[in-house]
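Labels for the chains are A, B, C and D, by order of writing; each one numbers its residues from 1.
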Amino acid sequence: MEKKERKPVYYSEYLQLDKILNAQQPESEKEGIKADDEMLFIVIHQAYELWFKQILHELEIVRKIFNQSNIHHNTPDIYNSVHRLKRVCKILEVAVMQMGVLETMTPLDFLDFRDLLRPASGFQSIQFKMIEATLGLHYEQRHGKAYYLSQLTPSDVDRVKQAEHELSLLVLIDKWLARMPFVNNKEYWGDDNNKSAFWTKYRDAYTDGLSEAEKQNLMVFDSIFINTTDYPVGRSFCAEASRNAMFIMLYRDQPLLQLPYELLTILLEVDEQLSMWRHRHIHMVQRTIGKRVGTGGSTGAEYLRGAADSHYIFKELAELTSFLLPRHMLPELPKSLIDDLGYKQ
Amino acid sequence: MEKKERKPVYYSEYLQLDKILNAQQPESEKEGIKADDEMLFIVIHQAYELWFKQILHELEIVRKIFNQSNIHHNTPDIYNSVHRLKRVCKILEVAVMQMGVLETMTPLDFLDFRDLLRPASGFQSIQFKMIEATLGLHYEQRHGKAYYLSQLTPSDVDRVKQAEHELSLLVLIDKWLARMPFVNNKEYWGDDNNKSAFWTKYRDAYTDGLSEAEKQNLMVFDSIFINTTDYPVGRSFCAEASRNAMFIMLYRDQPLLQLPYELLTILLEVDEQLSMWRHRHIHMVQRTIGKRVGTGGSTGAEYLRGAADSHYIFKELAELTSFLLPRHMLPELPKSLIDDLGYKQ
Amino acid sequence: MEKKERKPVYYSEYLQLDKILNAQQPESEKEGIKADDEMLFIVIHQAYELWFKQILHELEIVRKIFNQSNIHHNTPDIYNSVHRLKRVCKILEVAVMQMGVLETMTPLDFLDFRDLLRPASGFQSIQFKMIEATLGLHYEQRHGKAYYLSQLTPSDVDRVKQAEHELSLLVLIDKWLARMPFVNNKEYWGDDNNKSAFWTKYRDAYTDGLSEAEKQNLMVFDSIFINTTDYPVGRSFCAEASRNAMFIMLYRDQPLLQLPYELLTILLEVDEQLSMWRHRHIHMVQRTIGKRVGTGGSTGAEYLRGAADSHYIFKELAELTSFLLPRHMLPELPKSLIDDLGYKQ
Amino acid sequence: MEKKERKPVYYSEYLQLDKILNAQQPESEKEGIKADDEMLFIVIHQAYELWFKQILHELEIVRKIFNQSNIHHNTPDIYNSVHRLKRVCKILEVAVMQMGVLETMTPLDFLDFRDLLRPASGFQSIQFKMIEATLGLHYEQRHGKAYYLSQLTPSDVDRVKQAEHELSLLVLIDKWLARMPFVNNKEYWGDDNNKSAFWTKYRDAYTDGLSEAEKQNLMVFDSIFINTTDYPVGRSFCAEASRNAMFIMLYRDQPLLQLPYELLTILLEVDEQLSMWRHRHIHMVQRTIGKRVGTGGSTGAEYLRGAADSHYIFKELAELTSFLLPRHMLPELPKSLIDDLGYKQ
């Protein structure tokens, strides 16, 4: 790094503040209408878009990591992924709190310029849709699909479609979970070609813990973890991936499983923060526009509520929790397996 | 407002996202160095600058309000000011929390590109300096004055200087406090041309409450509130303004004093949030660069600590609290004064 | 206040720390089971109950204020109410954030002692139910009514019932809104005995602003604000109260309406914070117990979601926003009315 | 776990709410003085003490872990410690935010009951002093030592003294760092009995990076990392511990170093959160009592500022950052060492 020869860097040039700070042109100003809060409206949306860009930057790095055909545990890959997803969560926490700034705009103050914005709508944030797609939201699962196509320019529709066609984090995590190296341990797998020795024991322990009224849960258990060579109907995780995710949750104390456990946890945290953001967004919209339609013609808060309820990406991972057994009921791990899960030293 | 004839507004055009989202050009990329975190470094500083722009927008509105030679209480002016300063506080709360995102960048990851940024420094944020100046920080009070001049381009020095030469909020608030209409009430002021009837009583009550050891406080009391026709040495608030601020704090329940009390409170809150921001900034810098000098050559955390301790703008208002008496010791207000402080109905 | 004769106060005695810090007896300890996280489980619930006590303390003060047959605007009553409700919101913000501490308890760690708690459940928090009742939640609106009766001891059922039979804040606010003094202004009311002059004009302006597709909104408008001598079906606010709430929202800049506007705003904020709390609670429960039934036999997250969607107390106030007109379309206020809404001076 | 035979657990009994909710007896009530805010004052301090109890519970677990003469990396010990310290940070975040609730109490409202509390003071919180002592604050480092002894009952002084005489986390972490297993690697250590091969190379690289003006830094470098068989004067970390902490920071990507790195990071975070808490406490005190002396006779905000500046426990770890080299300047690790730092599989 030849420090001496580089041109000195100046703060405002480095940050391209001439672009950033000259990108606010209120519609009300163009019309000669006094609406002092339109500046806030523009600035806060720009701040959101900056953060969305950063989130996409981080997710893209994580996606590339999991897109490798194999990820050796001794590389910093999983560590790096966890680190970046934690950052995504921190950003989303700021995004949630930031909503409080917009809530300082009263409904009446918004009405001063609201009509001038039609039909623009936060709904048209391509980056937000790309974040959802990168995480794993399919077009088919989108709340208000038809409506959404009608609101975007063709080139923007294309960008979202393209993001939807790449392998999402959801898909990549499923594949990565299915490849966990510990399943190759002989004692984990056992002799029987079709059943894992560990899972036979776990299923027995699980069955023991069920009361009469809960016996039907066993069918669900089997449909997720056992009876399948392919993806269970309606699920994004194959049985192998679900079993391994569960194993990670149960034995997260083992060195090799610590980072994978952090990863699963942080993915659920991303979902939760997105949900908190949507929920707070709903409140803000309800307070600002009541039951009116949104500027883009959406049903406003109703639309958002639909999205908030249906756009959980890693839902299936969250649900595995239902099948956890307390530690004192867990099958003892064979020594060779414990060994395989440890550090070298 | 002729809605029909306006060109439809599209989200990404309205927000000028082509500028906002294309203003990130990492130095490391130019050099072909892998430094994935430089994007975060750029984006978060841009987000800060957006917020600083918004804060300046709000402060400018408030400054204009107080720059009027008279502000009648029946106009929405004070209400509007309080509202805008509350928003400034909310933004500063986000700014404080946002620091947590930067703290996800580890010292080692920062070192990957830190040398490439020299001599750029957050110190060169003109907008932040303008915020301080608009609130009331004088050039003479700036920590590290000489240093700061050497770091900015001449045109940036000019912008800050100009902001420093306008009437600051601190100056305007002092004048506004000195003009409070209730001082014209006969019974408040009393017959004596030199002393307010109310303040004679308040001083007596204050004196009664002092223990022997505290008797010297009376001299301070007098130097702030009483013995002066001009500004007490080293103070930004004249005696009249200090007395009226105190009166507002004591009788904030009276209708006419409610908004002025909110205003004084929110000014202290602005100071507190700025201090929290500086404090958190110090921690972040210490964690990221330890005791090294900053990229701009400042002494890093040391410089920030100096600024954090000395840049309180409304310090004198905060200190008035020391002279409050408990309600049961307060002089009773004359009826005509209570009347003057009420609603018409 | 005779300071000298009082017994000196000592921190730990004043706070009764012998009680507070000796009230944690983990069930797991009684059973000789190692479950290090049960302490957290106990402590956080106790912290919640302390805050609930404080919230009830504040709400009770506010309820007493509004239970007065008349509240003169020149008393500190409304100011005091707003102040206390703001504090309630701050407490609820802490309550929401506090959930993040409980989320540090992993599902597996909870399973170590979960079975020992049966059938205890957060559902049995009487104070939380009393908060809901004090605000205005009727027994009939409670999600899972029958279930709830079955879970409480008879004396606890009585406490909640009693709270439900007192005049709630919702009821008291409706009555207070209906009594607003400005409705007595001749020019506000006009000559016609049945119609307010102001509202005739407002209705006209509202009608003008509706597009063809929105014409049906007028029926809703009339059902809420106009066509009624009694409470519109299914509504907690009478037409007079709704009209006055709306008037307050529209002319909040007028001195006499500033505090009432703050009050309406903070009531909505209380609802929002309670909703955020419920929402975050749902996430925490889902993460910790998945889709299992709660320890008390409730359907866990499902129950909470039901409550989160239906327990908005001041919903009708929030909905009024839908009928706001932009400032430039507002009827001009008669001078005598503006006078009535001002300060004396 | 024999579920059937246990007595059913009821929420209010489990949480001992009879104790918790009957431990608030305002002094103002005893005196027949109206002071509605004293309840808040009591409740918030009790909530703090509950959290302090929880923090001590977690720290005690961590202390026990590090008090073991050896901690094998394949046990869940370090994982558990990091997990618990993260929880401590989350609690401290709540503690910081909680200060905002107390800030809703105005100075005047505090004066209604302030004199009744003398000489009680938050200064007398034994648990807080025990937290500081458990982390590693020595009696000698305490700001205002003499003062503090005079304020506590003899039995409370004893409790703090006892906590100060146990091995603190600071001491234990130093010992644990000095025992890191990777130092036994032959290639790390090299042939020379007195110098580590790695550190010879690192020192060379560090020296190369220094400009003329910075050459003196090398002396500091040597005094911390090299020239010592014992503890460098004034330092809590021995050279071995400092070297290993540094090595962990530099190669945190290696599996064996990931958790140790998390641990070091979270210890700094604990310090930062404590500092934020003290800082916000200072503001709250300044706003509430101005420059008066505290109820216990301390100099209020001045005392707190002293403590805030001098009570950093893991300061030396934070300072190591100054000696980090960018990745591209790091000595390459020998293969056998990389192997030693990896997973078995």
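To be clear about the criterion, contacts are C-beta pairs under 8 Å (C-beta built on N, C-alpha and C of every residue); 3 or more make two chains touch, one makes a residue touch a chain.
These figures come from a predicted structure and were not determined experimentally.
*Asks:* More C-beta contacts across A-C or across A-B?
*Replies:* A-B
*Asks:* How many angstrom lie between the centres of subunit A and subunit C, each centre taken as the mean Cα position?
*Replies:* 32
*Asks:* Determine the centre-to-centre distance between subunit A and subunit B, using the mean Cα coordinates as centres, and give it in whole Å.
*Replies:* Using C-alpha averages as centres, the distance is 38 Å.
*Asks:* Name the residues of subunit D that each touch 2 or more other chains.
*Replies:* 1, 115, 252, 326, 328, in rising order.
*Asks:* Looking only at which chains touch which, which shape fits best: line, ring, star, complete or other?
*Replies:* It is complete, because no pair of chains fails to touch.
*Asks:* Would you pull the subunit C residues touching subunit B in the complex into a rising list?
*Replies:* Counting only subunit C, the residues touching subunit B are 1, 73-74, 76, 79-80, 181-182, 252-253, 255-256, 258-259, 326, 328, 339-345.
*Asks:* Would you tell me which residues of subunit A are touching subunit B in their complex?
*Replies:* It is residues 1, 3, 6, 8-12, 14-17, 19-25, 27, 31, 33, 36, 39-40, 42-47, 49-51, 53-54, 57, 61, 83, 86-87, 90-91, 93-94, 97-98, 100-101, 104, 115-127, 153, 156 of subunit A that touch subunit B.
*Asks:* Would you pull the subunit C residues touching subunit A in the complex into a rising list?
*Replies:* Contact set of subunit C toward subunit A: 106-108, 111-112, 114-115, 249-250, 252, 265, 268, 272, 275-276, 279-280, 283, 286-292, 318-328.
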